[in-house]
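So, here's a batch of structures to check.
Next, two complexes with subunit A in common: one pairs it with subunit B, the other with subunit C.
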Partner chain A sequence: MIRVFAVCGMGLGTSAILKTRLKAALDASGVDYMLDVTDASAARGQQADLIFTSAELAEGLKGSPAKIVIIKNFMDREEINEKVKEAIEELQ
Partner chain B sequence: MVDDAERTPDLAASFPREAVRSGLHCADWREAVRAAGSLLVATGAATEDYVDAIVRAVEELGPYIVLAPGIALAHARPEDGGTAVGFSLVKLAEPVEFGSEHNDPVDLVFAFASPDSEQHITALAALADFIESGDNLARIRAASNDEELYRVIQEAN
Partner chain C sequence: MAILEFLQEILSNASILVGLLALVGLLVARASFPDVVTGTLKTIIGFLILGGGANILIGALDPLGTMISEGLGLQGVVPTNEAIVALAQEDFGAETAGIMGLAFVVNLVLARLTRLRYVFLTGHHVFFMAALTAVTIGVTGMEGWQLLITGALITGSVMVLMPAIAMPFMRRITDGEEIAMGHFGTLAYCAAGLVGSKVGNPDKSTEDFEVPRSLSFFRDSLVSTAVAMLIVYLIFAILAGPTVVTELAGGANPWVFAIIQALTFAAGVWIILVGVRMIIGEIVPAFEGISSRLIPNAVPALDVPIVFPYAPTAVIIGFATSVLGGLVSMIFLGPLGLALIIPGMVPHFFTGGGAGVFGNAMGGRWGAAAGGFVNGVLITFLPAFLLQYMGELGFANTTFGDADFAWVGIVTGFMAEAGPALVWIWAAILVAACFIFGMVFPKLRPDYLAQQGQAASEAESVAG
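Let's turn to the complex of A and B:
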C-alpha cells in the first residue's frame, strides 16, 4: 500500500483538481494505494510515500521523508500520468 | 448515501452570467484577483472579507494558484467569507505576472467560493475537465466580449 497526497495551499482548489487526475493515473498503474488531499501545513505531519504538489509549495515540504513530485500544469493529464508512472517505478 | 451530483450545485448553477468578464485591464495580479473576487461578491457567493483573504493567501502561500499556463484559480477558505458555491472568470486584456515559475503570465483568472470544503468539488472538477478538453481553452481565449465568454463557459455543463 502506498500513501499518496495531493497537496495545495489550502487543500480546497488545486489539490481537488489534482486528486481526480491522480486517482485515474494510480488506478491505471495497478498499485495498491491510499490517496488523500491536504494543505501544505498539514502535509508536513503526514506519513506519506508520495506527495504531488506545485513548485512553489514543494519548497516548504523539504525534509519530508516522502518523495516529492512537482506538477507544473495541474490541468494536464499527460504530465500527471507520466509523473505517477515514473514515481511508482522508482518506489518499487 | 446521497450521490454527490444530487446534493452539490453543478457548474451551470454556480457560474452566473454576471460572474464573467472579458477584456478587463488590470495593472497587476492583485487587481486581477480582486476583480475576480469582486464578481463572487456581486453574485452573492462571498463577502468582501473573502476577497481580502484571497489576496492574503497568494501573498502568504506564493503563486501556486497559477495552476496551468496562463490560468490562475483564486480562492480562500470557506470560513473567510464563502457564503454559497460560486465561480467567476476574468479574462484580462493584458496578461499579468504572478511570479509563477512555470505558468506566468496569466490572462485567465478564475475564482470560486464555497460555504464548506465539499460543496464546490463537483463543479470545480467539471470546470477543470472542460478547460482541459479539446479546443475549449482556445475558445475561452478567443471570446471577444462578456456574452461570448459566458456562452463558451456554459457549454461546460
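Let's turn to the complex of A and C:
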C-alpha cells in the first residue's frame, strides 16, 4: 500500500482536480494506494510515499522523506499519467 | 409518524445532507463500493470537523471584537470565507447543502443548453456561494422550497456567468482556451484587467524582473494567516490597552493572551479547512465524473491559483498592492459610517494575486500593480456593504471576503428585502443572462478561437 498526496496552496480547489486525474492514473497502474488532498504545511507533517504538487510548493516540501513529483500542467492528463507511471516504477 | 419524524430529523441535519449529496454524486459517477463508503463517510465527518473548527474560531474572534470596539469605538470585521460559512451552518446548514447540490445541477443544465459551456469545479466556492444565498435570502424569512430553488438558480447561473465574463481575459493570460476562471473573485479580476489595460503596457510584463523568493512563504496559507493575525491582534491589544485585555484574559498576561488568541484564530481556520477539504475532496471528483459524461466539450472553470504559474511575479505584486488598497480604503470606512473591514490575508493573497495576473496580461507591470490595488479597494468596500444584508451574522466579526460573494450577496439581499417575488425575478434575470450573453457575445463562449479558426479556414477553402 502506498500513500499518495495531491498538494496545492490551500489544499482545496486545484488539488481536488488533481486528485481525480491522479486517481485515474493510479488505478491504471494497478498499485494498492491511498490518495488524499492536502495543503503544503500539512503534507510536511505526514507520512507519505508520493507527493504530487506544483513547482513552487515543491520548494517548501524539500525536507520530506516522500518522493516529490512536480506537475507542470494540472489539467494535462498525459503528463500526469506519464509521471505517475515513472514514479511508481521508481518506488518499486 | 415516528419514522417520518426520524426522516425529517435526518434530512434537516446538514452533515448528513451533505453526505447524501456526496453519496448520490458518487453513485451517479459509478464509483466503486469502497470509494462510495469512504467518500460518504469522509464528507459527513468533514462537516463535523468544520463545526468544531468554527467553535474554536469564535472563541478567538470574540476577544478581538471587544479589543477593536474598545480600542477604536468601531465594529471591526476580518473577512474570512471559511469562518463565516462555518458560522452560517448553525442556522442555514441544511439549506446550504440543498442549494449546493441543486446548484451543481443548474450549472450542468445551463452548460448544456446555453452556449456558455462552463462547468464550475471550485467546490469550496460553490459551498460558500450556497451559504451566502441561503443567508441573504433566508434572513428575510423566505424558506423551504422557494429558498432552495431561488438559491440554486442564483448560485448555478453565477457559476456559468462569471467564468464567461472572465474568458476574454483568460484567453490573453493562458494564450488558449482550455481552462476558464472558476473563482468568485472574478468581478475584481475583470476590473483589474480593465484598469490594467488603461494604465499600462502589456509588453512590459512583470515576468521580466525578479521578486525576492523570501516572499513566497505567503503561499502557505497557515503561515500567512498566523503572521497577519499576530499583527492584527497585537495592534488592537495595544489600542485597547492592557487593562481591557487583562480583563478579557481573566487576569492573565495581556500580551501572551493576544498572541495565543491570534494563533488560535489561525488554528481554527486551519481546522475548518481540513473539514472543507475532506468534503470537497470527495464531492468534486464525483461531480467531474458526472459532467465529463454529460457535457463532453465543456470547459472546466478552475480555482484562481491555476493562473499563478503564468505570471508568478504579478501574483506577489498584486498581493502587495491589494493589501495596500485594503489599508487605504480602511481609512474611509469609518467616516462613511461603514464597519471597519480589516484586511484578511487569505483573500488578499489569492484574489490580489489573481488580479495581479489579470492586470499584467492587459497592462504589464503598472497594470498588475493597479489591478491588485483595485482588488484591495473592492474587497474592502463591498464586504462592508454586504454586512447589512446578513442579519445577525452581520455582527459575527467576520464576513465573506471575495468580490463576487459581496456583489451577489448585496443584490440578492436587496431584492430579498423587497419581497420573495423580486428574488424570483433576480434569479430569472441571471438565468436569462446565461442564454442571452451566450448568443450575443461570441467572445464569452469557451470556443471563440476555435470557431474563428474554423470560419477562417472555411473562408479560405471557399476562396481557394
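Note that in this section the second predicted complex is superposed on the first by the 92 of 92 C-alpha atoms of A that agree within 3 Å, B and C clash if a C-alpha of one lies under 4 Å from a C-alpha of the other, contacts with A are read in each partner's own complex, and residues count from 1 in each chain.
Throughout what follows, a contact is a pair of C-beta atoms (placed from the backbone, for glycine too) under 8 Å apart; a residue touches a chain by one contact, two chains touch by 3 or more.
Please read these numbers as outputs of a predicted model, since none were measured by experiment.
By the document's definition of touching, neither partner reaches A:25: not subunit B, not subunit C.
In the superposition on chain A, contact of A:57 is made with both subunit B and subunit C. Applying the stated contact rule after C-alpha superposition, one finds that A:9 touches each of subunit B and subunit C. Contacts of A:77 after superposition: subunit B is touched, whereas subunit C is not reached. When both complexes are overlaid on chain A, the residue A:38 reaches subunit C alone and has no touch with subunit B. Which of subunit B and subunit C touches more residues of subunit A: that partner is C.
Once chain A of one complex is fitted onto chain A of the other, the partner contacts of A:68 are absent, as it touches neither subunit B nor subunit C.
When the two complexes are laid over each other on chain A, subunit A has residues 8-14, 16-17, 20, 40, 54-57, 72, 74-75 in contact with both subunit B and subunit C. Of all residues in subunit A, only 8-17, 19-20, 23, 36-42, 54-57, 59-60, 72, 74-75 touch subunit C in the complex they form.
Of all residues in subunit C, only 121-125, 178-179, 182-183, 216-217, 219-223, 273-274, 276-277, 280-281, 284-285, 288-289, 300, 302-306, 308-309, 312, 346, 350 touch subunit A in the complex they form.
Of all the residues in subunit B, the ones that touch subunit A in their complex are 57, 61-65, 67-69, 71, 73, 75-78, 100-103, 112, 114, 117, 120-121, 124-125, 128, 131-132. Contact residues of subunit A toward subunit B in the complex are 8-14, 16-17, 20, 40, 53-57, 72-77.
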